[in-house]
Amino acid sequence: MAQWDRFLTERDKGVLAVWGKKDHDEFGQRPALLLVDVYYGSVGHERKPILESIRDWPMSCGLEGWAAVDRMVGLVAAARKNAVPLIYVRGMPSFPSDPSRVIERGKSKRRVDHLPAEVRRLDNEIIGEVAPREGDIVLGKTAPSAFNGTPLLHYLRQTGIDTLIICGESTSGCVRASVLDAQALRFKIGIVGECCYDRIEASHWINLFDMHQKYGEVIDVAGAATYFGSLGTPS
Amino acid sequence: MAQWDRFLTERDKGVLAVWGKKDHDEFGQRPALLLVDVYYGSVGHERKPILESIRDWPMSCGLEGWAAVDRMVGLVAAARKNAVPLIYVRGMPSFPSDPSRVIERGKSKRRVDHLPAEVRRLDNEIIGEVAPREGDIVLGKTAPSAFNGTPLLHYLRQTGIDTLIICGESTSGCVRASVLDAQALRFKIGIVGECCYDRIEASHWINLFDMHQKYGEVIDVAGAATYFGSLGTPS
Amino acid sequence: MAQWDRFLTERDKGVLAVWGKKDHDEFGQRPALLLVDVYYGSVGHERKPILESIRDWPMSCGLEGWAAVDRMVGLVAAARKNAVPLIYVRGMPSFPSDPSRVIERGKSKRRVDHLPAEVRRLDNEIIGEVAPREGDIVLGKTAPSAFNGTPLLHYLRQTGIDTLIICGESTSGCVRASVLDAQALRFKIGIVGECCYDRIEASHWINLFDMHQKYGEVIDVAGAATYFGSLGTPS
Amino acid sequence: MAQWDRFLTERDKGVLAVWGKKDHDEFGQRPALLLVDVYYGSVGHERKPILESIRDWPMSCGLEGWAAVDRMVGLVAAARKNAVPLIYVRGMPSFPSDPSRVIERGKSKRRVDHLPAEVRRLDNEIIGEVAPREGDIVLGKTAPSAFNGTPLLHYLRQTGIDTLIICGESTSGCVRASVLDAQALRFKIGIVGECCYDRIEASHWINLFDMHQKYGEVIDVAGAATYFGSLGTPS
């Protein structure tokens, strides 16, 4: 998990030796699994290396994205097995885009007319390998964070959820934004690092590092499964 | 400004060559200058290298923090000269801390009893070089973002401000969180990179890079001053 | 419009003679029309007096509700004629209900099994007379206010809307809650009194009175149409 | 408590006979007492009938306000005795006012220059009879609701509070707005009716009625004290 070390400077390591996070954050009794922006546009509709995939899908994270999705299958299964609620967020279909916003540039570029309509239609669709089932929560959002402008907080409050286990795309974008709001709202947070993905390697690893130092615990699928299994099926 | 390049991988550069940000974000007609967490605890009460300074002040960013503050003096002057409103945010004094939160660990560690009371008292005080004046807005906050749990949005709305020029500490913490909320709320955003500072070099540069790619325009003091000067004194 | 007078006490009139609102609130240059909870469950699927209608539809406002909807037809037409954006909000379909909440009691009572499925299905559907068209915004909500837990603010910010003209159901419930948030967020507000409706007459009139005194201007359809017409078609 | 009945129409009573609230809302295990806008300007600095008091203090609720404050003394004592946290909210001192807002009209009128400076200074001060003590939370606000633009939610989340017992001024203004946000955020709510006050009698009673029907349970001081006493001192 210390793969972020290769991006740190020697001075950074010196600072961390003194004040870096050493203990583990505790989780609560009622978690939910939050899957952020796991839509086809984030990996492309075919499994290709990123530099190839972005020719068709500008936001694609390529094979590393697909690898994260494949690991997510086990994470989703562990959540379902232990009756942990699943919450999916992704861009709200049909919400008007904001041409003046930086974040929209990618979207406008994303309209790749050479793709057949039935492929283009996949863009905002949740990836089949980890698709939601009846009873899961699926929310549309209009900002990076899963909280800002959505009823996520209402759902978490009315169900008594105290812990969010978070994964998805991009590590440095919507995952990071969702973690920030979850922390401001005093939820306990686990980030499943190997189920997060990003187009930029440096951003992926440094954002995982930042979140681990400041806001939550970066864990792996096995750690999440062990945690879910330790709870007993909620009544 | 491309000092972040040294943290990017070769593959990252390949992705950016295709889809990286190439044009400049536009700013609006009514900016405010937002100074985030420019308090003594973020640099220490004396100018010392970071590895020395953190012995007394665990959150200190050391000499690089002081250099950013020194550059901020010119930024603040340019804002005042052009009647651009100044808004300061920092931790709300007397708000009860939350011992279960990750972010609080640093704070608990920060209670360094060996410092004299009159020095310790400086911790949450805004640094004298850029101190607020009569008529500036000073807001307390209880989460990383300058927006979450504060009346900042109310102020920006009632004054018609459309652009936030942001600086302060830490680049990867409260600056980043404030930029995220500003973007979600559809403000135009400039981040004065050379007036932001962070304890971790990799986090500083990669967070500037992330914000520049996704949420706003990283500029320098000269660019901010030129922008402020171009507006004419607001009526 | 002073129909609320009959609910005020003599002492109230004495207080208002001194400090009651006397001037008119100004509106801005870019309004939107917000239609709150104009769904069949709020009036029933047939036009019947309230005491009859509530046998089938517990939340029904009866004939007074239908009369408000009929007046809303002209309001909607005036908005469309002048290219004023229309925004509809109503309960988010498929969001899990919260059995512990007071507000849900009505909903649980609303499951009237004696109605045919094709009639019951109308409950959360927007009333045909004022139905949304292609290009209108339709948002689901999970709390009384049109803002709380929705992307309404994002939409208003990105389109530069400064004024909300509000109508719908119930005057004392979701209309009032939406007006309160609009005011906190510093929008200019018009409430089209004759296009608001409520199951309780006293609540209808006193809530209109409260909103007029504190948060916005209670106007009629003619006043709204005149305002819309005065703007020129927005570019 | 059914003093609101005198404001209801006969038809209202018919509707309520069928669908009005009949059972009692449950409270939770960890309440806080929220005192809204209990500042001198809301009652005046001397105990006078409202029509006399408003000559000096435009927002004054007169003797009925003072009577509510006097009853609040027992409510506050019951909270302290049972270690229930007390939270005070009132206008944020030094936040710039918004001249375009309806709600500000009263404030501008409130600048009554004929009062001596030491009396005028009392305006935004919390009334001595129920003044906060060391350890209480005191928050400034810039909108009617105790939540909007304040860190109240952060505090409630980090302390695990699930129930708000609310009182203060005005029933139809800041109390109602705070109740609405508390309900949207899924807190359990008690409104101490006899410790709420308002300049307008009809608004006072109909707003209590509305809140009781939709959002929480209107109780009296004795009921609140019994509830607080039933909890055992929190660990």
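The chains carry the letters A, B, C and D, assigned in the order they are written, with residues numbered from 1 in each.
The working rule: contacts are C-beta pairs under 8 Å (C-beta built on N, C-alpha and C of every residue); 3 or more make two chains touch, one makes a residue touch a chain.
Note that the structure is a prediction, hence the values are computed from the model and not measured.
Chain centres here are means of the Cα atoms, and by that rule the chain farthest away from subunit C is B.
Two copies of one chain, subunit B and subunit C, form a contact in which over half of the residue numbers belong to both partners.
Chain geometry summary: the mean Cα position of subunit C and that of subunit D are 26 Å apart. The distance from the centre of subunit B to the centre of subunit C, with each centre set as the mean of the Cα atoms, comes to 41 Å.
Remark: subunit A and subunit C have CA centroids separated by 37 Å (rounded to whole angstrom).
Under the contact definition stated at the top, the residues of subunit C that touch 2 or more other chains are 98, 100-101, 143, 148-149, 153-154, 158, 184, 186.
On subunit B, the positions that touch subunit A within their shared complex are 7-9, 11-12, 14-16, 18-19, 21, 25-26, 50-51, 54-55, 58, 98, 100-103, 105-106, 109, 143-145, 148-149, 172-173, 176-177, 180-181, 183-184, 186, 188-189, 199-203, 206-207, 209-210, 213-216.
Partner subunit D is touched in their complex by these residues of subunit B: 92, 95-96, 98, 100-101, 137, 140-143, 148-155, 158-159. The touching residues of subunit A, when paired with subunit D in their complex, are 153-154, 157-158, 184-186.
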